[in-house]
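Dropping the structure in here first, questions after.
Order as written gives the chain letters A, B, C and D; numbering starts at 1 within each chain.
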Amino acid sequence: MLTLGMVGGGRGAFIGAVHRLASALDGRWRLTAGALSSTPARSLASGRELGLERVYPDWREMLRRERALPPDERIDAVVIVTPNATHFEIASAFVRAGFNVICDKPMVTNSREARALVALARKRRVVFAVTYNYTGYPMVKQAATMVRAGDIGSIRKVFVEYHQGWLAASIEKKGQKQAAWRTDPMIAGPGGTIGDIGTHAENLVATVTGLRIESLCADLSSLVPGRRLDDDASVLLRFRGGARGVLSVSQVCIGDRNGLVLRVHGDRGSLAWRQEEPETLAWHRADGSARILTRGGAGLHASARRASRLPPGHPEGFIEAFANIYVGVAEAILARRAGKEPTGLGAEFPTFDDGARGVRFIERVIASAKANTWVKF
Amino acid sequence: MLTLGMVGGGRGAFIGAVHRLASALDGRWRLTAGALSSTPARSLASGRELGLERVYPDWREMLRRERALPPDERIDAVVIVTPNATHFEIASAFVRAGFNVICDKPMVTNSREARALVALARKRRVVFAVTYNYTGYPMVKQAATMVRAGDIGSIRKVFVEYHQGWLAASIEKKGQKQAAWRTDPMIAGPGGTIGDIGTHAENLVATVTGLRIESLCADLSSLVPGRRLDDDASVLLRFRGGARGVLSVSQVCIGDRNGLVLRVHGDRGSLAWRQEEPETLAWHRADGSARILTRGGAGLHASARRASRLPPGHPEGFIEAFANIYVGVAEAILARRAGKEPTGLGAEFPTFDDGARGVRFIERVIASAKANTWVKF
Amino acid sequence: MLTLGMVGGGRGAFIGAVHRLASALDGRWRLTAGALSSTPARSLASGRELGLERVYPDWREMLRRERALPPDERIDAVVIVTPNATHFEIASAFVRAGFNVICDKPMVTNSREARALVALARKRRVVFAVTYNYTGYPMVKQAATMVRAGDIGSIRKVFVEYHQGWLAASIEKKGQKQAAWRTDPMIAGPGGTIGDIGTHAENLVATVTGLRIESLCADLSSLVPGRRLDDDASVLLRFRGGARGVLSVSQVCIGDRNGLVLRVHGDRGSLAWRQEEPETLAWHRADGSARILTRGGAGLHASARRASRLPPGHPEGFIEAFANIYVGVAEAILARRAGKEPTGLGAEFPTFDDGARGVRFIERVIASAKANTWVKF
Amino acid sequence: MLTLGMVGGGRGAFIGAVHRLASALDGRWRLTAGALSSTPARSLASGRELGLERVYPDWREMLRRERALPPDERIDAVVIVTPNATHFEIASAFVRAGFNVICDKPMVTNSREARALVALARKRRVVFAVTYNYTGYPMVKQAATMVRAGDIGSIRKVFVEYHQGWLAASIEKKGQKQAAWRTDPMIAGPGGTIGDIGTHAENLVATVTGLRIESLCADLSSLVPGRRLDDDASVLLRFRGGARGVLSVSQVCIGDRNGLVLRVHGDRGSLAWRQEEPETLAWHRADGSARILTRGGAGLHASARRASRLPPGHPEGFIEAFANIYVGVAEAILARRAGKEPTGLGAEFPTFDDGARGVRFIERVIASAKANTWVKF
């Protein structure tokens, strides 16, 4: 088992708990160390509550002391689940010290930071994952492989939407902690919804289609009165090679929970996938036939099969997809230590390149919305 | 029973057959006269095949002779189901002669014609319907009434999509008659997909939400090589009052059949409706509750109830919705003859105002796409 | 156009209105005569309200006077939509006089009557349809053809259910007219739910699978206190050749509207169809593949294609399926007059044989339930 | 963290892997010891592969040596995931030695064994869970609480089905290991499909409704030629108090994966839940309203809330439900050690009583099928 340290993610933090579940699932990681809060006392309390072996008051102390441990006793990777604006400093410090990193998205808050962090991570040759976790779903992997296999031909049109409703009221003013920081530009960075879930949508499109955005035209709104960052974004996309796209993300859609949907249309067929029903992938072909592919079922590529744990009909979900990233990072670390190229899940998780492109995407959407017109990507 | 004359819609024409089914369903109309083709011989043959009482070689002859009949023997309305570019001339002539008109969409091919036709129809005081047939669905009527009743509060965001796949290959070059004329700007007018189904989407939004478009930004594409008109359109919408919208229409989406979907999000709730599963309307409220309203079921407004024929669970569909327009026109004609204001279905069908706004919509989308930026509506 | 006379089905009667819509849809039938109620005054009033050409006070007078008309002026068929217990007398009289008959189900109330009526109809060589209308759905026809084509191999197991909820309360005691007669053994016959919808389920199984019931074991209940006939029935089925089946029908399932569902499992594949979503048929094969066949779409047999009016994505429903029986009867009558064998829809509608088997099914279910054990069919 | 020992479940065994994932998820259990195969060499190899701290050649050795450890070093519970026929001996031995037990279903192969084991477990006061894992789903817990709260009134009718297709061919003759033992009466016990998944269905009904079966009538078949145990079972149920039920289980339904479906109809409403879409529970009420309750969403009871880890829209599935049993057993053990009554999940998991009733159910179904008639439960 590899060992994991966590920065941020103390009691009450949604994403910290998710990382703990995902890393525990497959018995590949043991969470042993942590600085789980920006407040030292809460950091220590949270760590003890979770029974961590090494509890630190803050991430600097954690870095200092882990580094001081013999290599085989220190954590094998650190996961950073703090608010966005702190990612750069923390990730840079750990990378500089040679630690492998799992970083929440968006990776950083601007492209200058992104470039610096990518350069550093390349130089230090650490394993660096950004948790665009939706790419961990088996049927997303199946879709990506099918596109590359030509199963739907040349792509013409992409629709991606990610609609939530949890910010439909101004709960940031009523003490909801996550809402408060995600709508605060000083902590979340320049993008609100476009930063939080817009980059998930962008990453899903890039991962499945391999298309590169050439230009885009965005409409960015704060539909809840008084909100300081965008809570709704609609973006027209033009890809290299001529394909078109529509990206719609919103967090004010009452009734929508976590509605990430991708539809990819080629000249020979199309694929549709819905995160809330992640076990199936609909495949329509030009001959009019309609097939439903199912996780664990017949007709799947190896990429989907190896990302699956249970037979079909035994629903896997969000945690399993997220855990696939943790399995991948484990395999990449072990491969690197063995002097090998990682393969399979170890070669498939999103890295700093995805992270940097995501940050760039946020910036260009904001630029387009401000200019009220199309911009180059 | 009222009597109907048909211009266009001879054997093989999709929409002509639909109008015949829809007008026959409720026993309110009898199709008695027709000039069903632009070719006189085929026109006569088609009419005889259908057993029409009065078969004409062309619409001019039909107009001349119907007009010459005593008022109580002539047709009560004419339905025009010819290709778009001919609508203006035919509709104008019949209106001028005082006939009630049911005209397929788009009503005409430019706003100049639209204004002239509207003025004429107002002057002659005829009943004039444009068959934006999707507004005839009971659950669309329910949605429109709910919006006006404040059930979802103030609207913030509208998503409308209408995706088909029947033009995914260049079948217009292989003798498919409808594809040929719909992709020919001389016959279809300046809009391809945006004209054919984009206006349905615009009309559905307007009918349900009552919102008025203030400005829009469109991306219009011909994704099938060599196609002469657009086959894909994505449009960002800004409505008066601040609501935003996304409209996506395409006819190259393999696997999509007739995928008209409307989602309306307000600050108190949201509504979602899918044409391919037209019997239900999903209603989510800010309290987190999710209700499924069903045609014929509990909790519906009178607008939905009177547009319904069967108990829930006995699926109604496209023909019934279309037939509601025919019932409405019949009631409007009878009301007018009785010197009364029409009510119910007789007051709800789309008219020349919808037709004119639809034409304007096509023009503004094209203008935005050409200018590659936002335009005022 | 053929002409139709109606017995029963006056204003307020559900099934009478359905027959009017279904017969009108395709322009093959004109309703010209009727004795729409058992009360002469209401019969005349109802007929006039509907604008019938020949309105009669009762069915005997209707039979007498229609018979007196010259053959080419009298109705081409009579439809009988009265309560069950009157079917035998009325149908026998019309058949004896040589009229073609469309009779609602169950055809009669016992097998003695059934045998007599079948013998008479055979002797008089009339066209005789029993409106097991669900067999009119295109995807039901597709399923039946696929079974015969061996697409799912040898059938092992059949599940059919038909669950409604409209009798969940004892509305028969509160003046609901249809509930009153359907729960009254003197009018409905010996079967309540098993007679009303159980025979639909039995007929659907027989039509699609071609299997013959060998023995059955039934549990029949009146789950609503004080109800005089069964409102719930569960039946285990053994078919000739070894296949097994489960038939479940109920009218006390709150939330279920008209939930007729058929699933047929063979040794090479399976088919599933749901009446409330009638446009698709799910086809699973032993190789693990899952296909969704759609009305109007690719891969359908001629039996489904000719029963369809619109392209896929333009929902057809209950009326269209029902209308296919009317088209079939029209074609059968015309074929017979032309001295030909009917084909297509004209050869597919349910006849007196289906009607007689349905009556027998009711009787055997009741016998099994009373004996509390298996009985031979 | 509590420590777990596993008997059976070596590499290749489906259910062993499931137990490992489920026990690991929440960080409440660490798998430290095991005798994973009936073959000592494979047992040791499997254990080492999994990195267990204490690897044993067989369960007897495991029991002997774990017992010899100081109480705070030995395993806190043993999970038994061997073929059915061995459960009794293994479970009895561990219980006798005072170990807490998690036992796969069916608990044992006959009621004599069941009674003996229950008596023993009561006497030794161990925590004893039987992994009827579907009861761990939050929306199943919600349904059970709603029934008890009277939300659907008095229950009238229950439909439960559990349809799989993995035994549609005689794969037991082609080396499929699980198929081989599950169709072998010497290893699986007297029930095939009725034992494997029929008891899951029975347990789900009992857990949700609280109803007790009074009598039943079963049809048991081996639809695949040459199969030694039943692969299909249909059972009519009569419950104390007058409610009726239908239970259908099959493993020869091509296209069905793990189709466990429960529908409960009361006189005030109904509930429907599908294991393959486990996140929602449909609730229909007598007033005609239809609500969809969602895991993590609004309107849920505490029983559902505490069994949930993620917000709605982040799909949880099979593992999470299974893990709820492991959390429950952990809490029960800790409560017992603290001298307290367990509450919440610790009081909700299925125990030896469920296990014994499940065994009795298998026996009575077989008795009914043999006698070809109704039997008392």
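Brief remarks on what is shown
The rule is simple: contacts are C-beta pairs under 8 Å (C-beta built on N, C-alpha and C of every residue); 3 or more make two chains touch, one makes a residue touch a chain.
Source: prediction; values computed, not measured.
In terms of C-beta pairs in contact, A-B outnumbers the other of B-D and A-B.
Averaging Cα atoms per chain gives one point for each, and the point farthest from that of subunit D is the centre of B.
Separation between the centroids of subunit B and subunit D, computed from CA atoms only, is 55 Å. Subunit B and subunit C have CA centres that are 35 Å apart.
Averaging C-alpha coordinates per chain places the centre of subunit A 43 Å away from that of subunit B. In subunit A, the residues that touch at least two other chains are 256, 290, 294, 297. By the touch criterion given at the top, residues 152, 156-157, 159, 161, 165, 168-169, 217, 219, 221, 223-224, 232, 234, 236, 238, 242, 244, 246, 248, 250, 252-256, 263, 265-270, 272, 282, 284-286, 290, 372-374 of subunit B touch subunit A in their complex. Of all residues in subunit B, only 287-294, 297-299 touch subunit D in the complex they form. Chain contact summary for the complex, subunit C toward subunit B: residues 1, 14, 17-18, 20-21, 24-27, 31, 50-51, 164, 166, 256-259, 275-279, 294, 297, 309-320.
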